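What follows is a short report on a single structure.
Chain naming follows the written order as A, B, C and D, and within any one chain the residues start at number 1.
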Amino acid sequence: MHRFCRVQQADFDPAALQAALLAGSGGGEAAGAVATFTGLVRRPPGDEAFTGLTIEHYPGMTERAVEAILDDAAQRWSLLAIGVVHRIGELAPGARIVWVGAAAAHRGDAFAACEFTMDYLKTRAPFWKKEHWAGEARWVEARRGDLDRAARWAGAADTTTASRQE
Amino acid sequence: MHRFCRVQQADFDPAALQAALLAGSGGGEAAGAVATFTGLVRRPPGDEAFTGLTIEHYPGMTERAVEAILDDAAQRWSLLAIGVVHRIGELAPGARIVWVGAAAAHRGDAFAACEFTMDYLKTRAPFWKKEHWAGEARWVEARRGDLDRAARWAGAADTTTASRQE
Amino acid sequence: MRVLFFASVRERLGTAECEFDGEALPADLDALREALAARGDAFREVLAQPNLVCAVNQAVVHGNAALGPGDEVAFFPPVTGG
Amino acid sequence: MRVLFFASVRERLGTAECEFDGEALPADLDALREALAARGDAFREVLAQPNLVCAVNQAVVHGNAALGPGDEVAFFPPVTGG
């Protein structure tokens, strides 16, 4: 199975990443499904003073954590390729933060692996977001909802079974 | 909410579609999440004689059915934009068949709307696939697994609730 | 009234559509099915398919339904797109 | 032994890392926490955070764990990437 994990300051091109994913999927004729997710810096509604995010990470541990998540995804679903790109540093409103893509023979595997990887990235990879406003900055607090979403995968046998039936 | 539905013979560019989705999402700073799915003509493993698919559809009803699915998705989740492109006609192995993209403030809504739309497209929109081999052709039979996947959304309140908590 | 056939149904019947009007116009779906069945074995076979789908004016219909002169009826197998 | 601090923890402490070696080397995480707490209020406050995460050699550790001279320990708040 083809996989990649990049942690970088530079922006990325979702189209090029999707092409890389397919190029790694057994020549491009084995994949029937590609699911992708792109996360962006969202301006809170009506919050004109918001100037963006900075993202800090733990070099070394980040890559290990992401690789462990990809290992886990590859164990849980039948995948042809999976990739993650996560940006660090200063990001303006509207900027891309993260991309996850999964290619599989069947869509159940691609969807589940993509969403699982995002849920685990949010709760297991050492990145921290700080929000900035004109004259103020605040570290983002971890969200209960993200932990709940990640916890769903502890009992993910249903999803796997459904996708194997296709 | 911005939306689009295209049924066409021509290939499509996932990058351009994702850009169109974001352009329709309140200027691009309101969206925090974009989930996409691309379906491709998969060559059955080891099946060298397979030459591709033809896809037939019911003009008029197809567009109505897709619009009804997008209405449903827009009711179920908080979306900024959603779009579908589905190709018809002759498609070679590796060719793109279908694209679904959903943009939302939060990822739970984007993921769920994208997967829901695919599951309903598979079971409610009047498209039919015919598989071709050297010297043989066969209409694809509807899959029990696709009906099961679509049926999951009948009790989708959990997903909606989880995504609203973010 | 236009009656359309798609995919394997269209191929089995060897035709993509037919028309009913004037005195031959069926009053409802059951009457239409009867009129079609009278056209021969291929029609009878298709109409006997347990999973055959019927749409009236581009919306799926189960069971019987009244029909009028401007209606569009379609018969097709379970969908397999996406 | 390197000890690293990230995000709000790093800012609260005003430092991104510190070193322990020779006789000052803590034998385990509990000893390390004690040695850090002795450095003042900011350290004590951070170490008292109920959701503080600790990693040894880049793997999250709960409770105590033995430490050696080449180990890398990190303290940080719950992660918020993605």
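One rule holds in what follows: a contact is a pair of C-beta atoms (placed from the backbone, for glycine too) under 8 Å apart; a residue touches a chain by one contact, two chains touch by 3 or more.
Keep in mind it's a predicted model, so treat the numbers as computed, not measured.
Asker: With chain centres set to the mean of the C-alpha atoms, which chain is at the far end from subunit A?
Answerer: For subunit A, the chain whose C-alpha mean is farthest off is C.
Asker: How big is the rotation, 0 to 180°, that puts the C-alpha atoms of subunit A on those of subunit B, in steps of 5?
Answerer: 180
Asker: How many Å are there between the centre of subunit A and the centre of subunit B, using C-alpha atoms for each centre?
Answerer: For subunit A versus subunit B, the centre distance works out to 20 Å.
Asker: Quick one: report the Å distance separating subunit B from subunit D, using the average Cα coordinate of each chain.
Answerer: So the centroids are 48 Å from each other.
Asker: Centroid from C-alpha atoms only, then distance subunit A to subunit D, rounded to Å. What do you get?
Answerer: Subunit A and subunit D have C-alpha centres separated by 28 Å.
Asker: Going by the contact rule already set, what residues in subunit C reach two or more other chains?
Answerer: Nothing qualifies.
Asker: Which subunit B residues touch at least two other chains?
Answerer: 39, 118, 143, 146
Asker: Name the touching chain pairs, please: which are they?
Answerer: Per the contact definition above, the touching pairs are A-B, A-D, B-C.
Asker: If you look only at subunit C, which of its residues touch subunit B in the complex?
Answerer: Spelled out, the residues of subunit C in touch with subunit B are 4, 6-8, 10-11, 51, 55, 58-59, 74, 76-82.
Asker: Please give the residue numbers of subunit B that touch subunit A in the complex, ascending.
Answerer: 13-15, 18, 22, 28-43, 45, 93-94, 105, 107-108, 110-111, 114-115, 118, 143-146, 148-149, 152, 162, 165-166
Asker: Mind listing the subunit A positions that touch subunit D in their complex?
Answerer: Listed in rising order, the residues are 39, 55-58, 60-61, 64-65, 86, 97-98, 118, 121-130, 139-143, 146.
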